[in-house]
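Look at the two complexes coming up: subunit A is in both, with subunit B in one and subunit C in the other.
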Partner chain A sequence: MSGYLESQLIILCLNVIYAYGIFLPAASGQLNLGAAGFITIGAYASAYFNMSGAPMYLAIPASMLFCAAIAFVIAFPILRTRGVYMVLATFAFAEVVAGLIINLEFLGAAAGYPVESHADFLVVVPVTILVVLLCFFLMSTRLGLAMRSIHDDEAVATLFGVDVRLAKVAAFTIGAALMSLGGALYGHHYNYIETQSFNVLLSIYILLYVLLGGTQTAWGPLIGAAFFTIVPETLRQIAASSGQEWIADTRFIFFGAIIVLMMVFRPEGLITRTLIDRVAMPFAGGRGGPGGRSGPAPTAKIA
Partner chain B sequence: MADNVLSIEGLHKSFGGLKVIDDVGFDVRRGSRTALIGPNGAGKTTVFNLLTGVYPVDAGTMVLDGRDITRVPARDRVIFGMSRSFQNIRLMPHLSTVENVMLGQHARARRLGDLLYPLGLVPGNRWARAAKEALEDAGLDTYPGQVVANLPYGVQKRIEVVRAMVSQPRLLLLDEPAAGLNQIEAQQLLALLEKVSDSGVTLLVVEHDMHFVHNLCDHVAVLNFGRKIFEGTPAQVNEDPQVREAYLGSDTAMAGAAHAS
Partner chain C sequence: MDLSQLPQQIVNGLMLGGVYVMVAVAFTLIIGMLNFLNFTVPALFMLAAVLMWAILEGHGIALDLTAITVLLVLAMMAADRLQHAKLPAPLKTGAALGLAAAACIAVWLVISLKPGDPVFAWLDGAAGKSGRWVVGIAVALFTVAMLSLLIERFTYRYMKAKYGDATEHALPLVSSLGFLIVLEHTVISTWGSDSLTTASPFGHASFTLGPVLFSVPQLISLILSLAIVFGLSIMLRTTKLGRALRSIAERPDTAPLMGVEVGRIVPVVYVIAGLLCAIAGILFTINYTTVDAYVGDTVATVAIAGMVLGGLGNVWGAIIGAMLIGMVEVMSIYAVGATFKKIPIWGLLLMILIVRPTGLFGHTAIGKGKF
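Let's look at the complex of A and B:
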């Protein structure tokens, strides 16, 4: 595999892992703009454990546990907020993490931090596949069903016996562990980390992957992250190979237009439940329901 | 002593300075089909919300099947044998019919092993089978895999009843089940509720449609301004002067009473 393709594959894998970390809370109705914070914790924790003598295959799980513990603790105050306030709370968390680390001398402060062990794509790709499989599994379980129910109607889910807080905390914490896994892999692949690499723009992009990909099925973040990783890069490649500089210069205009069009025509994300049903859902017995986006219940009556 | 599945005593609830429920008490006999009626704003839905734990009560007790549920958290009450449907349909719009019904099973599947069971990956697993059977029993077997948002209103109403039933309640609370249904849909719903009642489940119904109440229920409690003003059979309820006053106003009620005398 060429170096270029390999580097693109790594970026794609990392974005997919990050996206699933945001997807799990999003599937249960929580908007998390704190991706950069969890990624930073994962990257620095794993690098630190590794530097302190732990081999990479121990440092990475340890960083995931560490990040999950932090997420579990902050989940209780953060999950008391809703909607845009939760976006702000998680964003603030990420800023706090960045602010802390840039002041910690033993983590290199503003100079960044070198990472010892190297993880090439033979590590990153299989781990990514495992993450995808884990998320598909989780969403197919009763816990996944409870999460999707909470997304639709928290009060009713409660009345049917769902422990709403437990499910939300679980989704938030598992998501944080996945993001820290992504961050750790980032550190071990590039062997150098600095807080500036994990800024709010990264959090916004990851949330966009998930929301535009669709939060109803586990396909959403995979397709969303793939789409938004591959399309801009392909546009850049086309520009470079055809010598049409203007494509490279204006690609973000096209890209922005695509995002707006998607919000207009696929308001619930690129991949919706109904779309999957129409493509084929062998085990649910749904052989193509009535088409159209799922939206508010129609008030049609039996004639 | 009567065999009551639900006993409510001295129930009080205020929202700020507004007394919404003022010393309400009544019993629901096991196996009965009890209606809770009253004018708009009488507090009927609030009684349901207190029963299911959506709001905490200010005072009073609620005993379900011999167990005091007044302080039990909302998510545990379903285990004690109570389930409900809603005034405005509150199925999960993004879930399929079967998945909505499987949500009703949640109270019986809260162990870790059940929570992590891959319902969507094992074709014909026992939970999905049970949900499909419940839908079949209700005559709704044509739509298992469809997202409910696209189904007709009357069908959604009946799916709500099925979802509530799979939690295996002893008491089923129905909040205006017939609201917004046409005559055929109301008939289908009535048939389903009669089947549910015949299976031994007690029904407590909030309903405006008196025709529906007469067809379904054998006992009626009437609320007005947060107080219980009458309890008796559906036949008696039309004759009660206080009930007539609550619904029609005092002049009309007196005129009616004058006619009656």
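Let's look at the complex of A and C:
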């Protein structure tokens, strides 16, 4: 595999892992704009454990546990807030993390922090596949069902006996662990980390991948992250090979315009349950499709 | 720590707070009425600051951006007319496609012909180099006001939450993030992402009062921003428009029943919020003379902290919160160091959100499906 493709594949994998970390809370109706905070914790924790002598395959799980513990502790106060307040609280959390780390001398402060062990794409790609499979599995369990019901209507979920707080905390914590995994892999792949590379814009972009991909099914973040990683890069390649520099300059303007238009025309994201049903059963009409409810209604049998 | 510098630092904190005040009030207006965190606020702040810089430095291409904005707004208005016109459906679709094509061609013509340069040359000849700041203020205010109309359509008017989804309040948030990306990259692709510096059109006028040095433009900016925000809060309290605004903020479903034309009032809110950001951006360029495409992110995120501190949807709270945050920022830089400032600002915000989510002065209920 050429070096260029390999580097793009790594970026794609990292984005997919981050996206799933934000997707799990989003699938249970919480907007988390603090991705950068968890990624930073994961990257620095793993790098620090690695530096203190732990091999990489121990340092990464340890950093995930560490980050999950932090997420678990802050989940209770943060999940008391909702809507706009939750967005702001997670955002503030990420900023506090960045502010703390840039002042910690033993983590290199503003100069950045070198990471010892190297993880090439033979590590990153299988891990990413595992993460994707794990998230598909999670969404098919009772926890996933509980998360979906909270996402659709929290009050009704409570009435049906769903432990809303448990499901929310679980989604938030597992999501944080995934993001720290992504951060740790980032550190081990590039062998150098600094807080500036995990900034507000990263949090915003990851949240956008998830919301544009769609929060209804586990396909959403995968497609969202893939689409918004591959398309701008492809456009840059086209610009470089055709000599049309303006494509590279303006591709993000079109990217932003697509986001704005999508919210008008497809507010639930690219991938919805209806779409999945239609693709899976193109001739059956699908559950939510136009012909889905045309047959005899189930109540007709009883009557 | 040298305590003799303290009075000077307090004054600096107030001056910085003055910039944050208007941005925080812009955020709080939108959040109080429409219940969404408007990320076009940083974008509009940045755009006004950069346009002001561009005119001061004699970049006529700034006027092209204005022209494109106006064209898009005109196209949108024509589309609205078309939507309500009594025409057969196929004709309507055809006309809509024609309109879209015409808009695209017009924008392309502006981009390729660059009519901004000759217009600017003419304006520059009329106003003279020392009068550029007047042109700059006019261009920045006008462009941002037009853009606010465009943003209103895509973050409010065309939005329909169809499925009763818990994340539906994210829709306008996401579109406003889209606008943030569009505007930042418009500026980057026009002028690059490096720092853009200019000389202040008012030089370094200053005077000393005891141990404290006051810069005249900064002092005027502070007074101006406070005056504008005070005027706004009086407007909210006494005029008919203010009453309509407050009624929507209080109960958006009932307001139309009481004869408030929500569809007409909401664009006004966007324009007011946009103009507040624009004025803040213009003052920022004049006082700090260095801008870049990301200046909105840095300033507006701190302004958000100030707004939450004072209580979401509370204009007076936003004023005091923004001043406090400006003070906290300057003091922590002064006492510890520049890299340290994030911890007190965001730690304070996180604590407020957890302990007292309504903020120091807030009482309005936010987040009960106002949109």
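Throughout what follows, the second predicted complex is superposed on the first by the 282 of 303 C-alpha atoms of A that agree within 3 Å, B and C clash if a C-alpha of one lies under 4 Å from a C-alpha of the other, contacts with A are read in each partner's own complex, and residues count from 1 in each chain.
Assume a residue touches a chain if its C-beta (ideal position, glycine included) is under 8 Å from a C-beta of that chain, and two chains touch if they have at least 3 such contacts.
Worth saying up front: this structure is predicted, and the values here are computed from it rather than measured.
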{"item": "Touched partner set for A:G144, first subunit B, second subunit C, both or neither", "value": "first"}
{"item": "Touching partner for A:L88 - first (subunit B), second (subunit C), both, neither", "value": "second"}
{"item": "First (subunit B), second (subunit C), both or neither touched by A:G53", "value": "neither"}
{"item": "Touched partner set for A:I102, first subunit B, second subunit C, both or neither", "value": "second"}
{"item": "First, second, both or neither for A:G3, with subunit B first and subunit C second", "value": "neither"}
{"item": "First, second, both or neither for A:G243, with subunit B first and subunit C second", "value": "neither"}
{"item": "Touched partner set for A:L212, first subunit B, second subunit C, both or neither", "value": "second"}
{"item": "Partner chain in contact with A:D152 - subunit B first, subunit C second, else both or neither", "value": "both"}
{"item": "Overlap of subunit C and subunit B interfaces on subunit A (superposed complexes)", "value": "151-153"}
{"item": "Footprint of subunit B on subunit A - complex, ascending", "value": "137, 139-146, 148-149, 151-153, 155-164, 216, 273-274, 277, 281-287, 289-290, 292, 294-302"}
{"item": "Complex contacts: residues of subunit C adjacent to subunit A", "value": "31, 35-37, 39, 154, 158-175, 177-186, 188-189, 297, 301, 304-305, 308, 312, 339-343, 345-347, 349-350, 353-354, 357, 366-367"}
{"item": "Touch list for subunit B against partner subunit A, complex", "value": "52-54, 74-79, 83-84, 86, 89-96, 98-99, 102-104, 106-107, 109-110, 114-121, 123, 127, 132, 144-156, 163, 167, 182, 184-185"}
{"item": "Residues on subunit A engaged by subunit C in the complex (per definition of touch)", "value": "26, 29, 31, 77-78, 80-85, 87-89, 91-93, 95-96, 98-100, 102-103, 109-110, 150-154, 200-201, 204, 207-208, 211-212, 215, 246, 249-250, 252-253, 255-260, 263-264, 267-268"}
